[in-house]
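First up is the structure itself, then whatever we jot down about it.
Letters A, B and C name the chains as they come in the text, with residue numbers starting at 1 for each one.
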Amino acid sequence: MWFCVVRSSDLGKPGAFKTVQVGTESILVTRARSGAVRAFYNVCRHRGATIRTEESGEVKRTFQCPYHAWTYDLDGKLIAAPNLTKMADLDRVEYGLVKVHVREWLGYVWVCLADDPPSFEDDVLAAVTERLGALDLIDNYDVPSLEVGRRIVYDVQANWKLIIENFMECYHCATIHPELTEVLPEFADGYAAQYFVGHGAEFGDEIQGFTIDGSAGVDRIPGVSEDQDRRYYAITIKPQVFVNLVPDHVILHRMFPMAVDRTVVECDWLYLPGVVAGGKDLDKSVELFHRVNEQDFEACERTQPRMSSRTYAKGGVLVPSEHHIGAFHEWVQDRIG
Amino acid sequence: MWFCVVRSSDLGKPGAFKTVQVGTESILVTRARSGAVRAFYNVCRHRGATIRTEESGEVKRTFQCPYHAWTYDLDGKLIAAPNLTKMADLDRVEYGLVKVHVREWLGYVWVCLADDPPSFEDDVLAAVTERLGALDLIDNYDVPSLEVGRRIVYDVQANWKLIIENFMECYHCATIHPELTEVLPEFADGYAAQYFVGHGAEFGDEIQGFTIDGSAGVDRIPGVSEDQDRRYYAITIKPQVFVNLVPDHVILHRMFPMAVDRTVVECDWLYLPGVVAGGKDLDKSVELFHRVNEQDFEACERTQPRMSSRTYAKGGVLVPSEHHIGAFHEWVQDRIG
Amino acid sequence: MWFCVVRSSDLGKPGAFKTVQVGTESILVTRARSGAVRAFYNVCRHRGATIRTEESGEVKRTFQCPYHAWTYDLDGKLIAAPNLTKMADLDRVEYGLVKVHVREWLGYVWVCLADDPPSFEDDVLAAVTERLGALDLIDNYDVPSLEVGRRIVYDVQANWKLIIENFMECYHCATIHPELTEVLPEFADGYAAQYFVGHGAEFGDEIQGFTIDGSAGVDRIPGVSEDQDRRYYAITIKPQVFVNLVPDHVILHRMFPMAVDRTVVECDWLYLPGVVAGGKDLDKSVELFHRVNEQDFEACERTQPRMSSRTYAKGGVLVPSEHHIGAFHEWVQDRIG
């Protein structure tokens, strides 16, 4: 499946790289000299050492394994190794870094570790169409052109599937999200924005912006339509991305499952470049969903330890406003099955 | 099997609760409005969140799950949930908290997680009769009426079965319990108080009370018979309770197995209410068995890591004064089947 | 297999002991009254307690288990236990500590946990002969007579097999060992000292001694031959010993595998007794291989986490100068077989 790993702008120029964990593998994502993004298993072909152990960095022209100095160019090709000339039978392409499929979309790098990846259109884009009704509704926000105004990383002691289930329903909103239901009063009824195709939850009458206290936000994204103004849209792209659209910013979550009961969540708040460059105060804007995140993750952590209880062996109950989670359960069982 | 979890007086009034770990399950023990004790799996029926994460606390009338606000009364019945009225088909009793069998005895709450629990009489009471010869010998101490003068919790890096074996034999007493054998000279011979039916180990001639230095104890429990005065009785109630009877107090151990090599032991020192209320100095009284506990648990921790040695694959040797431990081994193997 | 555990001189006199971990077992190594070295499972025959929990110490005449006071002499025979006289049927030899096979060589104690150990000559000595061509080449260094000038213990987060593979090849030397290749210029070519039978790597022309800066070392070991002077020899004795010979000292590594991804390495620097007694400054001498150790172990730790990558499932590539590592792989697979 497609896995959203890195904000493209974090790979500013050729040689910039990030390392990310995808399942149990370490993946090295970088930008080639052509400007294209590349991703490789972060494993030297010679004896298996980790090519780069840092989370991010920058090389000039090559990745050199620090163990025996095998050297690969930014396209992954083996270009040098001590005594390489004496090893006539060593094919430099065959012994290049093992490539991973890459796509860029929404200004993020998505990778797929499968040899034969599913169609990005059928998998990722279809999830958005299914939710919003049409792709151009997200295009209006021109997400690739936005800039990261804030990034917060959460280390959650819960399985990633609990975090998805939590994000998909709003039956819990009235109980644990007082600030959010203040801004989006219809959330108090328990129906998530993603329950109805194309629906965005409307701001309350007194609400001026998607902020912690309902005060005005920052500059509105120009492409946002009249319909989309004063509304919040949430999209789940299985297995690990949440996109949240509001008139003046986009909040994008990437989940990295680290263990059966641990998930790292990286959350980006994206604004118009002028807003970020202008140094506008983003605190009230960021605080609203940061608080939602903390409330949600605490609920997931409270749920995780009981998943092995014999009383939960057959699962719980899905109330009417949660029935769509059943589809997620079927999706999971299909993939495991 | 029956598991002794909470001192009844720790649930002072309706709504007081404690959470305890029984095997891998979290159990919520509370007192209903009728005054009866109730125990439930600490798991919300809706989506499996932990109802209460604290060790103890008090609610007014209900337990409300903090995730989606499903609300249960003190008898476990589901009495409220957001939009519950719209969920006609949801049976409020069927979706109440899952109950656990409960008994009170000796002033403690005992629970059993089996659907069909064994007879409390055949299981728990029979263990006492088998040891003392008759139940009224323990009734003399009127344990329910006593109060907790001191509670110490030990975190032992050893399997619970090693702690039971240790408690059952006194062959180690001369080696590691100098203070105890001073008070109970016959323990130096290695025969535990529980080796002979009905036998209680006699205090030494110079000993005035069951204290660290043999000085006088506090007020004697009125029901203690002439025979029982100046004697120490020890009872093992498998799988996790030890009861120790001396003329002026009762020491009761509850073991909570946390992992294959870790056991939490809660030990209560119980005295006459007047003794506790009067603020009498209990230090010398408590210190004797506290030291015995520390000596025993250190021995168990020293033994635990070698249990996987190939030289111990067939076990060790039971000397004559330990032969009754063989019956415990058979009992364990029977249950594992 | 034979496992090198303790420097004989660390067991200075009868009753001195060390405890070491060999696989998952704890082994007690001591010196008997006769002066001979003995090794036992560190497990009481009675109920399995650890006889000694310290890393090293000294007893007068016996090992007494602190749990029930079973007492063994320095040859492991059961000589006392409470009430032992009443236990007529308890054979004191049969219930002695379980012995482990012992050999002394190079001034170290080697143990073998197999009931029927392989020939020390075929196993350990043959490894040296195979490497050096003849045993007397190591005898020249008279290793038993040397003294420990420095001991450093490394806790390496890598499997022991990675450490062996690293030690066996020098293809990495040019990349990670600048100081070592300065002293031994031929190492820059990537051929390890152990690649050719009997070959020792020659010091560089300007090099006066095996020190961090090439300055003169300390007193030369008298038996070292003309041929061996100004040369470095490395020997791998599988599964856990490395011996490094230079004219004025010997460096001996013992590896203790602690977990699948953790190995403790004890490294001794051995010098002539007069050098150690004379208080000569050994820092420059020790620093060279200490730095090599740190460089090697960092490389192993960088490699360990990728061993489970699917791209490494079939292993990596062995270049010509590493082909002898293939024989190690076969040896491992034979034993697992």
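FYI, contacts are C-beta pairs under 8 Å (C-beta built on N, C-alpha and C of every residue); 3 or more make two chains touch, one makes a residue touch a chain.
Going by UniProt, the chains are A, B, C = Aromatic ring-hydroxylating dioxygenase subunit alpha.
Only a predicted model underlies this, so the values are computations on that prediction, with no experimental measurement involved.
Student: Answer with line, ring, star, complete or other to describe the graph linking chains that touch.
Tutor: Shape of the chain contacts: complete, all pairs touching.
Student: Through what angle, to the nearest 5 degrees, does chain B rotate to match chain C on its C-alpha atoms?
Tutor: Rounded to the nearest 5 degrees, it is 120.
Student: Between copies chain A and chain C, are the contact residues mostly the same numbers or mostly different, with half as the line?
Tutor: Comparing the two copies, chain A and chain C contact each other through largely different residue numbers, since under half are shared.
Student: What whole-number Å value describes the gap between the mean CA coordinates of chain A and chain C?
Tutor: Taking the average C-alpha coordinate of chain A and of chain C, the gap between them is 49 Å.
Student: What are the residues of chain C that contact at least two other chains?
Tutor: Counting only residues that touch two or more other chains, chain C contributes none.
Student: For the complex, give me every residue of chain C touching chain A.
Tutor: Residues 165, 171-172, 174-176, 189-190, 299, 302-303, 305-312, 315-317, 319-321.
Student: List the residues on chain B that touch chain A in their complex, please.
Tutor: Of all residues in chain B, those touching chain A are 24-26, 41-50, 53, 66-69, 81-83, 86-87, 90, 95, 98.
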